[in-house]
Each structure stands twice: as structure tokens, then as C-alpha cells.
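Each chain carries a letter (A, B, C and D) given by its place in the written order, and its residues are counted from 1.
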């Protein structure tokens, strides 16, 4: 019940944003702008989709942006030293499982809280990226790589957008319709109950952290392809944006609650709101401030309303 | 040569908002826009410091969507912005860089260079030279490993050091980064003096780093032993120059840089200049300039502003007012 | 004059009306029992008295004056405190602090030594052995209950409410608690006592109030009621009170054998066999480590000594999944912590341990089958709820217990371990649960029941295994088991009959 | 022995090992100079870590703490440039007051608005920074505009023992930790922080005023961030709009390394002090380690923090198992 009304509110907010944007910014409704809007944040939004599962599982992964940076740098570095691009892509994608496994072992097996582990790894993985590229910028990727990141793939829609749609649907089904998704929710609600029901808590958590890191690595490759070059600071600070998207989507930071529809709506709201503000020439820190207010008010508003209604 | 009163929509896009040099550039740009009587719009927008690179890429894309005529970019995203800049050019939005160029030159119409990047290497080397008395160890405290202009200057300095025999007794022992944050720069400066007991100069080609380093040396009573130099704002450096912690540093006028960039961009957007090597134009109060090949970046073109001022005890107080 | 009075109080949660026009008056120095079925509204009534919930209508009077209780602080200020049905401890604080946490009379600066001394006294008064310096995190449910009781006692109150305080206590502690209630009464404190164990009510109550479906049915002096009449008032029909079993039911082949089973530092030397169709009850005092034996069998805290055999073949069980592969099910004693995902709907809880069965292609859950499964149990176990999409946390305690049972029944176990299966369940439901257990045994399931409720043990068991301090104190066939015998073994008085 | 005590011992051992290791790697490491370096640098973070710890103990988190510190440093510096005659004690009060005010806003939103703390402070993290950029107009606070006593403060010695100088700023920071530590273990009211973090539902049932306790935790954390802001202003002198950026994560790192449970309910100020010093020691030592180039530092820092936490987890688990066997 409560979740439904949350998504209702988000849908309303989304429409509001669309209408306001369309009225205030004539360029808003152009196809190119709509594509740009997704493409500019594609890495964040696909990671946010997985992060939703992680947070519903009552964990958090702060290291994703560093894994993204590391994968991008591995790719850039390998191409730079002359490795063939397809191989470099594979190696960069492999960063995901490796990083995820390190996180997962420390979290699910050793039993250190994920916030602690991934906070340390946020520094650590970024550091490894830095070792690889140092103060350099590595680019000159083959044309097909940058085309994949920048040009349309099947019509005007770029690959990244297709990926977003596929992941949104896929992860939505995974979360809401499969046994694995149910396990994620139950563990997020109460891990002990899950254990006493015979679920393999460690395995589910391991899978989730592997998924998060793998998605981050994919994000890294997309990032490299989109920008055509990488540096050691690729993706710095993305984690806060990603978490904002998930939380605005109604996912409880305490786990157990949240829906993919909410997260997708929240992503749409944030992307469109930012885009609309940019098109009306609102500068960076005000944009950030508005998102900050939105985040607080979206939770505060319903709470206050509930109180008023109860008297 | 400029025809005033035409409609040119311009965006001045700094690395990020919140530090003085960029606001000064904004002032210069506004002055120029007024002088030119541009009937188009002028926007000064920028990303937040923590979101600088991604934010710039987003803002350049948005400007392209808006069909702005020119985006004046102090690039902080390195070559990562090249693809977006090329897209902008293709859509008819000119990209003129200033302060910090696109390293590969891709997607960039012109670079309005504050100084000659090669000569700043010489100047930095010379300042080290005069402070060490010709021989000794020194280290560089830079902004971040990803700052293209700083990297270019350090590169240029290394080159001069290697090529010119008169610097043969200077030894660059380390390059560290303070990420343009006071506390990090301060700690890194102290780290340097601890790590290299014979260190004589800290060269900080960044306005945040140089004050932080100067304060660190002053706090630890090391000003006699380790001198600080680099690029700094006179207003922030005056006390350290007067007390000898940072006897010499250099800078150029960001107001002028903003002014010149706006003039150049206006001319480019109105078609008064094509942006070809060899073209000359007049930029209001600043006089005549010529477009030339950028010696540091193959295939790229620049407009050289220059000169810069070296500040010391004699002129810093006047400049800080 | 009354100390506490409710007048025409109503309260509803969304669609459920938990209390309807409820009026109740508590006299000074009386023990006032409240009985009613699961979900009748007892806990809600209590929570209104303590300011946790605010009534939709009606008023609360303390000493004749109408008051508004906005929270438990207000209630404590008015001299009302409660021991809640679900113990509420602070796992990171030590026992002594847990006890005195809400005591306002204490000084602003902590005097740790005095705190421990007073806590020791209180705990001793309750007749429990409990180190007041240890953190509350490892406490068993019964120990938590003790802490809760001690906390309420530490407050100087006029009205003390006990919401099923004995649900997880064994006879020994129950007796102590009843003594304390009487002592309080002697001091002029009014005690409101809620319990599903009617024998306790007849032992101590002065008056008893029956509520049904949120409405007040009757308030009578205890002398004027009979157990049968009380049950009739509660349920609206008669229920056969369960008889003591006198002989073992017929059983089949041995299914589960424990040979010298033990876990280092916890328990040891458990030797018993459970046959198909047999009910083996574990009896013992609180903390006798009965639960630990169950946890070893279920792979949560695996055994380190001895052997487990299933169908005669030795097996190792290191995880619940392995236990479940051997068709073992464990209905745990603490449904809040280990049993149910409180914020999830009923159906999701019921299907939780058998998700595999419902999963098809790509691990998709067959939603229709899941709903059907849940519906079956809702009807079969008479779970009081409009449909199975209701959050489990919103059900009354007894109904939650049924959901947990359903979850394990669905795994179709051959070996079913119940840990305090009727904790907090009303008489009607208890009879149902007992029926279910007997039926399951009748179908050839090997059943282990851990219970602190001796009448229950004697009503269900074919054999009784008595534990004392982590060891097996005796294994009695039902014919030899009597209340005295079992208590004697559990407390260590009985010298003969140690198996 | 109490598990908390074991935890502290494990941490202290980790710190000792770190110091011993680096003393073999860096010339003149065990010196008065290094002590001053690390102590004064840790002093800036310590109050913020203490504040973060209090909030974390109540099962919340304060991600706005770095922004709060930046805003305080900037506003205090800004005010001082106009009113250089303000008494030092009043300046300190001003800084902590601004911090407490910001903390109160967070606290009210969390306690009465029932918005999870991570959401509130993620929001105010951004909002405070935005405010600062707007307010500052790109001006930097420089030492030149600050009163001399403030500029000299970081060099002022409180006392010396065995020839080791202990600076006033270090004493101030330690005092905040000691006072909070004493309060947390001795004051009945302060024990409620632990109760609330340990089991919020039970706290409500036990008659604890949950919103009030939560608010207080945030006000304290804000005030302590204010103290850090003051020390930051004094030490670095040059305050830009990015002052304190990233300190939220630094404070969380110090707190978790210091053994405060991120899930609330437990932790000690001794642990927080050791945690803060440990992280800062690793950081400062890596900066001075010749074997490690600038580009390797972050990787090592991250993995060393991870190693410290892992060792701590294993050791305190092992030790508490041992002690359980003994008893």
C-alpha cells in the first residue's frame, strides 16, 4: 500500500518535471536531447539499478565508482600499451568480478559491514587505477569503440540506452518475480530469519556484490567508449549520485523495501530535472542543491502529510 | 575589426565555481561582452568542484543542445571532453578554450593561452634557479594528476631542465598533488620537507597549492630553508612574499584572459575571423593578436595573451590591492 | 476508587478494528487478569494504557482524572509500566543497564557499582541465575523476559501490566513470578496479568476480564468463573481441554538417532532416537540448552561431538540447507528474530522455506501457486487475516506463530522440530496446534517438541527427554513421566531414572 | 575482559605495529617532529570523528559533517575578518554554535521529520556546499584577514613532556574526545545514545524520548564539526569553498576503524581516538615513505585501512573467544 503511493508520488513528480521542462526549455523535447539525457549519465543509472538490489538487501556498495574508474583505466591502459581492444574490453570487464569477489569475501565470509569494506575499497580500487594511468590521459581508442559509446546502435538510440532498458526490465523481473529476488528481499528484511529458513545468505550477498562490481566495470567500459579517453579520476564521486537515485526511488536504506519501478522513476526524475535546469542555465551547485532538497522533501513531505492527516 | 552589436550567445564555462581566478575571468568576459554590444546572451555557469569533469561534459552537451554560438571552456576534463566538443562543433557551437586547453586539440576551435606554456616552464625553472642559488633539490606541488594545464607546465619545465645546461644542478625530486584543497596541499608540502631533508624549493603551479605550502613553511619556521614559489594570486600571497617565505611567484591577469577570450570568441562566432593560423585581429583595449600554431600541441591553434607578471617584494603589495 | 480506568475506548489499524468501545476499571491492589483469543486485542489494550498507541475514541483515567498518554514516558510518569509480549532488550547494553534504563529516580551520573549491586538483587529476587554484567546480546528469550520483568519491577509503579510474561518461562520461573505478583499486590500495586495459561490465572487473579474481537465480554471475580466458562466466553464455544497422555502411540522405524551428540562448551551426551510417528519432547529448565540441541540438528550451530544418524546412516549437518535436504524442519522459538520476516506479507513468509518448489524457468516464482499455497494454510490453520497479502508484523502474536508453522509444514518434513510451538498461542489455537502435531505424527513424521509448558509436554509426548545444564538428565517413556518426575530431573533432585 | 576492552587492545596493537613498521622505513620517524606532524593533523579530524561516532552510536550517520565543517570554517573566518577583536573563547563558541545550528537542522529532520539520517545528511551535504558557493562569491578567506592569535594558535604549545611538544590544538581536540568519552560512560542521559542505537523500538517502549536523543546527537556532532572547523581555520588559514570536502568519509573511516559499530549501539571514544590516529598515521607515513610514489599511496591507504579493520575483526573475535573460554 505504502509503496504504491510512493510510486504514485514519483510518477506525479516525473510528469511535473516533464511538463515544466517542456514549457521552460524549447529544446527539451528534441530527440537528441532525450538521448543525451540518458547517455550522459548512463554509467550511473545502470549501476543504480543494481545498487537498488544491494540496498534492498540491507547492504551498500560505496566502491562502485572506483571499480568503474579502475575498469575504465584498465581498458585505457591496455589499449595504450598495444593490447587489442576486444581483449582490453574483456580484461576491463573482468575487473568487476575480481573487485566484487574481494568485497564479497570480506563482507559475506569475514563478516565486516559492507559500508566499512566498500569505503576502504573506494579508496583502494581508485588507487589501483591511479597506479595504472598515473597523471596521464589515455585515449586513441579504435573507432568502433568510440562509435559504440557515442553513436546510435540500431537506429538513433545508442547502445547504452538499449542496455539501460534491458537491465531495467531484467533486474525488475529478477527482483520482483524470481526466487533470487525474493531471497534478496527476505535477507534485507531479516538475515537471521533467512538463515533459519535455509537460505544461503552468504551466497546471495556474494552474488549481489559480484553483480554490482560487474555492472560498475561495464559502466567503466561504457564510460571509456563514450568519452573516448580515460583518466585516473574517471567516475569520482558517482557513488553519492547513485545512492541518491536509489533512495529517492523509495528503497529503504534499512533494507527489505523498495521496487524497481520506484528506482526507474527516480532515475527519470533526476535526469530530467537536471537536464531541465541545465537547459534553463541553472548552474551546477544550484542543481545539486535542488536534488538535495528533493531528496529530503520527498521523504519528509509524505511523513508530514501522514501526521497532519492523523491529527 | 569586430562589428559590434551582433547576436552571439556565449557561455563561459570555468573548471568549477567558487574560486577567485574564474570569477575574475567572468568579470573580464562581461566587460568585453558589454563593449562588443553583443545582443545575444551571456552565461557564466559551471559545475561543482567535486563533479568538475563530468559536469563540464554535461554542460557542454547542454550548450550544444541549446545551440549556443560559443562555449568558452577552461577545460578540466582532459581529452575526455574531446568527443563532446567535436559534437558541439559539428552542431555549430564553437568551442574556444582558455586557461586550460583540450590536450589533443580535438574539438577545439582555438585556445586562448594566458602564457606560452613552454616559456612558463622556463619561468618556473628560473624562479627555482634564483631561489636555490643555482643548485639544489626542489619538488613540485601540483593541483591534481589530471589537471591538463598544470601537467603541461610541469612537462615544459622538465624539458627546459633537461635541455638547458645552466639548470644542470637543479634536481626535481618529486611531484605531488594537493587536489586544490588547502589541507591536502598543506600536508603534502610538509610531507615533502620531511621526505627530502635537503629540499630547497617547493614549486606550486596552482593558486591554492602555493598559499597552502607557504603557510606550511611559515608555520613550521622553515621559510629560511625551504622557499615556496609558483603561480599565485598577489592578494593571497602578499604576506608570504613580504616575509620571505615565497619571495617570488608569477601570474597573469584572469580578467584580461576572460576579456580576450570573449573578444576572440565573438569574432569567431560572427565570422569576422575564421580561426586560421596567421589571422590577426584587434581585441579592444588589449590590442592586436595573431592566431598561431600551438607549439605544445600538434595541429592545435592558439592565441597567445601574455605576458605574465613575476611578483616579488617590490610589486606584490601594489598588485594585492 | 479505581487506579486506572478505560472508558469507551476504540482503536483501529487501517481496516482492522482492534478495540471496540472497551471499558475497564482496575482497582488498587488487585491482580486483574485479561484473557482472550489471539488477536482479541489484549496487547492493543495494553499499548493504549502505556501510551504506545493513542485511542481513536474514549478516554483513559488515572486515579479518576482523565489523562492523555502521548508515550511511554507519560505512562511511566502516571505510574503505569508494562512488560511487553515481545521482550524489548538493548543487545549492546549489559543486563544491569537494561534493567535500569528507564528508571528516572537514578542520579544523573552513573554509579556502576551500585547499578550492578541493585541489578543483582533484583535478578536474585526473580530466582534466576544471570550475570548482570554481560551484554544482553546473547540472552535467551527467557533471559530477556527476565530482564524485562526486572526492568518493570525496578520502576516504582502503581499499575504493572504483564503481557504474557510467562510465555517462554518454565514452571520454576513461573512460580517465582507469580510470587512476585502476589507480593506486589500486598504492597498495594495493581497488576494486570495477561496469559493464555489458564491455570496461572486461577492461581493468582482476583478478577478476570474476557475480551473477544476487541469487545469487552465480561469482568468477574475469579471465584465466579470456571475454566470451562472462561474458555467459552473467550472463544464463544466449548473446547476440550487437553488430557494427559497415558501411553505412547504406536510408531514406526527409527528415523533420527542422536548418539553422544554434543557441541563443545554448550551441551553433550545426548542419546535418543526418534521414530516415525513418534513425538519426543525435550523438557528442562530455562537455559538447559534444549534449543542448542535443536540448533545442532538443524545445522545452525553444528554438533562437534557424537553422531547423527538418519534412517540408520550417519550424516553430517553443517548448514540449515543440509538439514533441510534431510527433510528436517525447525520451528524456532523466537519468531521475531529467527522466524518471520515481519514486514513481508503472509504468503512470502509461508513460501520462504520452499521457494525451490515454486520456481520455474529462470527461477521465476509461480505467483498463482504461491498464493494458492498460502491460502490453503490460511484456511487450514485458521490464520486470522483477510487475505495473505497482509504484513505478518500486523498479525497478533498467535497468528504469527501459525504463519511460521505453515512455512515449515510446507517443506513436508520427515523430521520436525518444534521449539516452544505454542508460545503465546490461545487455548483454541493451542488445541489446534496440538492436533496438527498429532496428525503429523500420525502421518509418520518424527517429531521433536521442545516445550517449557509441562502440561503440554505431558499431553503430546511419547517420550520425554529431560535436560539439565547441557546434559541429558533422563529419558522417560510417557508412562513413567509425571509433573513431579520431570521437574525433579530438570532441577537435579531426582537420582534414579537418569538414563 | 569486556569485548570493548579487547577491541581497544587489538586496535592499539595495530597502531603500534604500524608505527614500528614505518620506523624501520622512514628516517627519523620516531621523532618529536613526526609526533607534532601527526598529532596536529589528527587533531583537526578528531572532533569530527567524535561527533560522527556519537551519531553512529545512535544508529544514524552524518554525511554532512564535512560540509558543516567547511561552512563553519568559512563563516567564522568571514566574521573574524570583520570583527578581529572578538574574544577567542567567543570565536570558539561562534564556530561551535554555527555547527550546532546546522546539526540541529539535521537532527530535527531526522527526529521529527522521520527522514532516515543518510537521506537528510546526503541532502544537506550538497545543500551546505551550494550555500557556501553562493555565499562566498568566490572569495577565499586568507590568513591576512585573520587575527594574529588565530594564525599563531596552531604553533602554540600547551605543554611539553619528555621534550615532546603538545600543541594547544591537540589538547583542544583531545579534550573534546575525553569530555565526550566521560559523558558517554558516566552520564545516565548519555547512555541513552547507546540504548537508542542498540534497539530503537525498545527505547521507545522504555520511555526514552527518542527524537530528543537523536536531535541531541546531531547537535553534538554539528558542534564538534564546528570545533573541527575552527581548528581547520586556524591551521590552514586559507579557506575556499571546498574546505572540508571529503571529511565525511574520513570521519566515517576513523570511526569504523576505531571499532564503533556502524550498526549502532556500541563504541568507545578511546577507540575513536586510536582509530583517528591510526588512519592519520598511515596517511602521513605513506606521504613520507620513499618506496611509495605518489601514485601508489591511495591504493596502499585503502588496502591498509581494510587490513586494519580485518585484523581488528579477527583479533577481537579471537580474543573474546579466548576470554569466554576462561570464564
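Please note the rule applied: a residue touches a chain if its C-beta (ideal position, glycine included) is under 8 Å from a C-beta of that chain, and two chains touch if they have at least 3 such contacts.
Chain by chain, the UniProt names read as follows: A = Autoinducer 2 import system permease protein LsrD; D = Autoinducer 2 import system permease protein LsrC.
Model, not experiment: these values are computed from the prediction.
Novice: Farthest chain from chain C, comparing Cα centres?
Specialist: Here the answer is chain B, farthest from chain C.
Novice: Just curious, how far off is chain D from chain C if you go by their C-alpha centres, in Å?
Specialist: It comes to 44 Å between the two C-alpha centres.
Novice: Give, as an integer number of Å, the spacing between the C-alpha centres of chain C and chain B.
Specialist: Measuring from centre to centre gives 73 Å for this pair.
Novice: Roughly how many whole angstrom separate the Cα centroids of chain A and chain B?
Specialist: 34
Novice: Could you check chain C for residues that touch two or more other chains and list them?
Specialist: none
Novice: Do you know which chain B residues sit against two or more other chains?
Specialist: Within chain B, residues 17-18, 48, 50, 145, 175 contact more than one other chain.
Novice: What are the residue numbers in chain D that touch two or more other chains?
Specialist: In chain D, 129-130, 133, 261, 295 touch at least two other chains.
Novice: Applying that definition of touch, give me each pair of chains that meets it.
Specialist: Every touching chain pair, ordered by label, is A-B, A-C, A-D, B-D, C-D.
Novice: For a test of understanding, state which residues of chain B touch chain D in their complex under the given definition.
Specialist: 17-20, 22-23, 48-50, 145, 174-177, 180-183, 186-188, 190-191, 194-195, 208, 211-212, 215, 219, 235-236, 238-239
Novice: Chain B touches which residues of chain D in the complex?
Specialist: Residue list for chain D touching chain B: 33-34, 37, 41, 44, 129-130, 132-133, 136-140, 142-144, 154-155, 232, 235-243, 245-246, 284, 287-290, 294-295.
Novice: Once bound in the complex, which stretches of chain C touch chain A?
Specialist: Going through chain C, the ones touching chain A are 298, 300, 319-321, 323-324, 330, 332, 337-344, 348, 351-353, 355-356, 358-359, 362-365, 367, 407.
Novice: Touching residues of chain B toward chain A in the complex: what are they?
Specialist: 16-18, 43-48, 50-51, 53-55, 57-59, 61-62, 65-67, 77-84, 87, 103-104, 144-146, 148, 151, 175
Novice: Okay, in this complex, where on chain A does chain D touch?
Specialist: The contact residues of chain A facing chain D are 106, 110-113, 115-117, 119-128, 130-131, 134-135, 240, 243-244, 247, 252-254, 285-286, 288-289, 291-293, 295-296, 299-300, 303-304.
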